[in-house]
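To keep things simple, chains are lettered A, B, C and D as they appear, and every chain counts its residues starting from 1.
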């Protein structure tokens, strides 16, 4: 049994890690830290877990050096992660970091968007971006995996096959995403309180959300040149789920020797082929589209495709559970890959 | 007191008309028809209205020829409206039609998207598109007003100032709209049942929704040339409200002598000026964005603006209540204009 | 125009007062105080009110002595109200206090349940409990009206006719209430955040909620003897509304000369007669039951009745909007009565 | 591998059975019938299951005689089940019936409440009521298990320890239950459509719901004498979950030699002891209460207890997922017991 520890386990990604790992055959959760809840029973704070972690108590985060574990999930806020990770790695542990701290390779971009100097620059080049559908081979050997942001996971998976084919017109990408409230974290705030959210819907951080450079860097890495996107996140009155509606203009055939996807069915075929061996990507059959309900509580990313022939645009729509494929599920998938477990272990369950 | 009648009053637009008209000083609802509920008390079907329409019963639709009313709201399904309206007008009545039947001037476009021959082509050229912010003067004298669709209302108001200025790059418009469930009507269906909708979110009729040609025709009318848009509607797990996130590329300055809006604040100023005298359009101050909650139950259209300077795109976001400004409220606004009442009568109340 | 002021106007009862008063013909809101938001525009904090209170700013609460108003709504937390009210009254103003501070006549009961000494005991005997259906005549002449709690309003109206008739068996009353989240106030807290409330339902403060003694005192006042109730509040995943399902055993006929209600229809008749002249109480016809949706945003209290003949129990179910009839609407109704306005002014609108 | 079949698999209990059984190590779903969907892929109708039942198609119900399975889940409507079950049993199969047809032993009570003659009376005495916490030993050997109703499951588990102790005063039981919308089934209806349910709450079938006699029969069986309850179901705006708030008066000590539970802590201890060995009943620690969120998607029944010492009443609150412990989860639990599998197989996962 692999002993794992969760640093910063009192947020929604923490409880989701605990929920998933309770089903894992080869893993034992040895420790969970939380400044806020230190010394209290995990099941007192998360009563849904009663019967699964009885006896486990939240530890003081500062004590993690004494944890007898070989694998760490770092679920701390960005800024804190980059202070903790170097110490963890030194002891020979392997780490999946769920914060933004190691996702962006260009430290200047990080510092511009996150407004703070990076404190572990030396680790940036070795950290692997934990999107298995694109970087599985690198993840296998990584000591440090930077778990992707929730919005980038869904948006990149909806764009990757097109980007790789090189058929998207420059500057034409618009990513219109809608996320459930759990994405905003567990700290109480007026704008995420029930009476402010129910029966409401709004955009926020339009064209200025920090996941923008993360998307652009990875999309650029796929196609080998700079990519600029317009990204608008919205807040949905649901607990879990992100639906990203992604628009991309298609290059005029004259300008590209590559066969361009001219029909919806071509798109579906092309995506199905691209993701043929992926256990967690499901391409919707023609005439159907993804719904965040159909991936709830699961590690799936469902993708639907439509060609707007009148306007010459592809519309690719992806649905994920922001806490599972968008965070903790993907983190466990990465751990499975890093540790040689079956990649779907603890994750092969249908959505609720 | 003007006597009004509502044809097809058992749907959500019907009850919304009744709700609004109960506050109207100069109007009396003389009759409401419904095939489904004929002979039953209005307040039995809509208990929220108890105390406001006691004694009023739904009539058989076929009997409307005997209704002693001078003004008709036609809230019947498209197809039925174009059969009823000619008869109503012959008797010298004035009509606001809430169906799609008289919105699209080009009968071929209607027939292509609605899949049926138009049966009252002769009325198409005289019917006025009932968006007061654009066509108020024509509405004043119209006998027949075609009340705009819910999606077009919000989308057109978000685009009109830019379209009029001629600064939008051809083919660059993407309209990503999210609507509450009441927009799907009151007829029970699996896909709008609570247990299928709650905690869900999905797109539907991507690049094929019938409101597309309506938007394109009116936007084309504003700028005097053909406009093509990509339009994606989504179903929100809320009762009321449409938020439309509208993306438009801005022409390169070289190509236009007109001063292009280069900053968010310029956009806000320009929109504020365009809608200066409009009682129901509210432009959000810098740093704030619309929320469908803030217009719920009201006739307001709130518009927020952001310039994505990195990508050279404008993002204009509008919020309306689909049953009020998107249907029955706008219908009453049109009636007020047609009948010389104060335009805001019965509509000048804050959102819930 | 009566000038009114709202003390503590930044909570949900504050915005609801502003929403209702914007429609009031004879009233002008002169001032609104808020410690949290002092100096900021009311419409910046509550964007739904844009266009109705432009220019009005929140004032520092301590400055209210300088407010030029003749009528005050005190919407401050309990404890603070009893410090402010004596000063307001001294200046000859009239006051509706929305806190719990003047609802309970027995200061010992107050101190036991609220855990603090009462600081304005001298006002207790003159404060009138502001439930117009029971105390209208006293309200007319009152300088200080204690606006009822949200739960007591619905529960007392569901029980009053039976209590007055003296047919309820001693010790048999169970009040099972379910409230929307806005009842918990606007201060952010984990237990009222969206991601914790949606798709959830739970009881809280079982048999220990502070509204219990308020109900018992008023019910006792109606029948002239002590009444004990079991009261269980629950949190509903909705914004607004309280449904109270009230159970009461009926005395055996032998023990009472009064005709006992033996059938559902008798109950409906008896309640309809009791509330015949009440503008805001609606008794549901046989076969129908109240729904919080049908009173949303309105000042109505809908009551449905069923006799469980097998078990010898009456089940009386009341629905109110906790922010309207349960708080601010009732406060305006009380002001209307105190000031000689039409009792339904600003309140005679259908629910949303 | 045990081959199982699901008759009537197109409702919410059908998909829930499929969801749960996909995790079962020792079971293979051989066939699913559905009149509505015959011939169509299961995953076309339930896209959340894509990847789990690819290739499985709904069969015509009439064909089940040819199904090669040894175990049947009958998820057909009541009335249809009693026609199908005798044939299934004749072939030596074992059956869990999820309808109401075999729950009530007294055929007259069935016929009175369900308004139809029972067509398989001969099976009533051998059918075992499938509440493992009370009837586990009988279930082991049963050929036919009548799976309990959703409301009775939660209500009976909240009352059983007290009923068994004999401390409840006669005629004092009130069961106030609140259920999610999935309990109403998957057939579209106006009263369960999203726009009618969201932000709403109401009671229905007050004192007349068909689960009443089921509760009374089982409670009577526990204590050996007739029990009458008042039962009020309500419709919650959530997808899944039932919270039952159960009130029971406690006999005066004089009247019973048994030690009566006088404090909340005594109740908790007594319930914890009663359910000590039960894998799916969790008693809430003092100071905490159940929430339907904490059992969502799981087979748990959480129970919280409070003594209202002022009124001499016990308040026992139970939470279940109506589709899991209230239907399909319990059905699988029964199958596990009947077939000698580990009782928690496929059910030992934390709630979502």
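Observations on the structure shown:
Definition applied: a residue touches a chain if its C-beta (ideal position, glycine included) is under 8 Å from a C-beta of that chain, and two chains touch if they have at least 3 such contacts.
Source: prediction; values computed, not measured.
The greatest centre-to-centre distance from chain D, using averaged C-alpha positions, is reached by B. Of the two chain pairs examined here, A-D and A-B, it is A-B that is joined by more C-beta pairs in contact. Centre to centre, using the average C-alpha position, chain B and chain D are separated by 46 Å.
Taking each chain's centre as the mean of its C-alpha atoms, chain A lies 37 Å from chain D.
Centre-to-centre, using mean CA coordinates, chain A is 38 Å away from chain B.
Counting partner chains per residue, chain D shows two or more touched chains at residues 196, 198-199, 237-239, 291, 293, 296.
Chain C contributes residues 18-19, 22-23, 44, 47-52, 198-199, 282, 284-285, 288, 291, 293-298, 300, 302, 349-352 to its touches with chain B in the complex. Interface residues of chain D facing chain C in the complex, by the touch rule stated above, are 171, 174, 176, 178, 196, 198-204, 206-207, 228-230, 232, 234, 236-241, 243, 245, 247, 289-293, 296, 304, 306-313, 315, 317, 319. Across the complex, chain B meets chain D through its residues 12, 180-182, 184, 186, 188-190, 192-199, 237-239.
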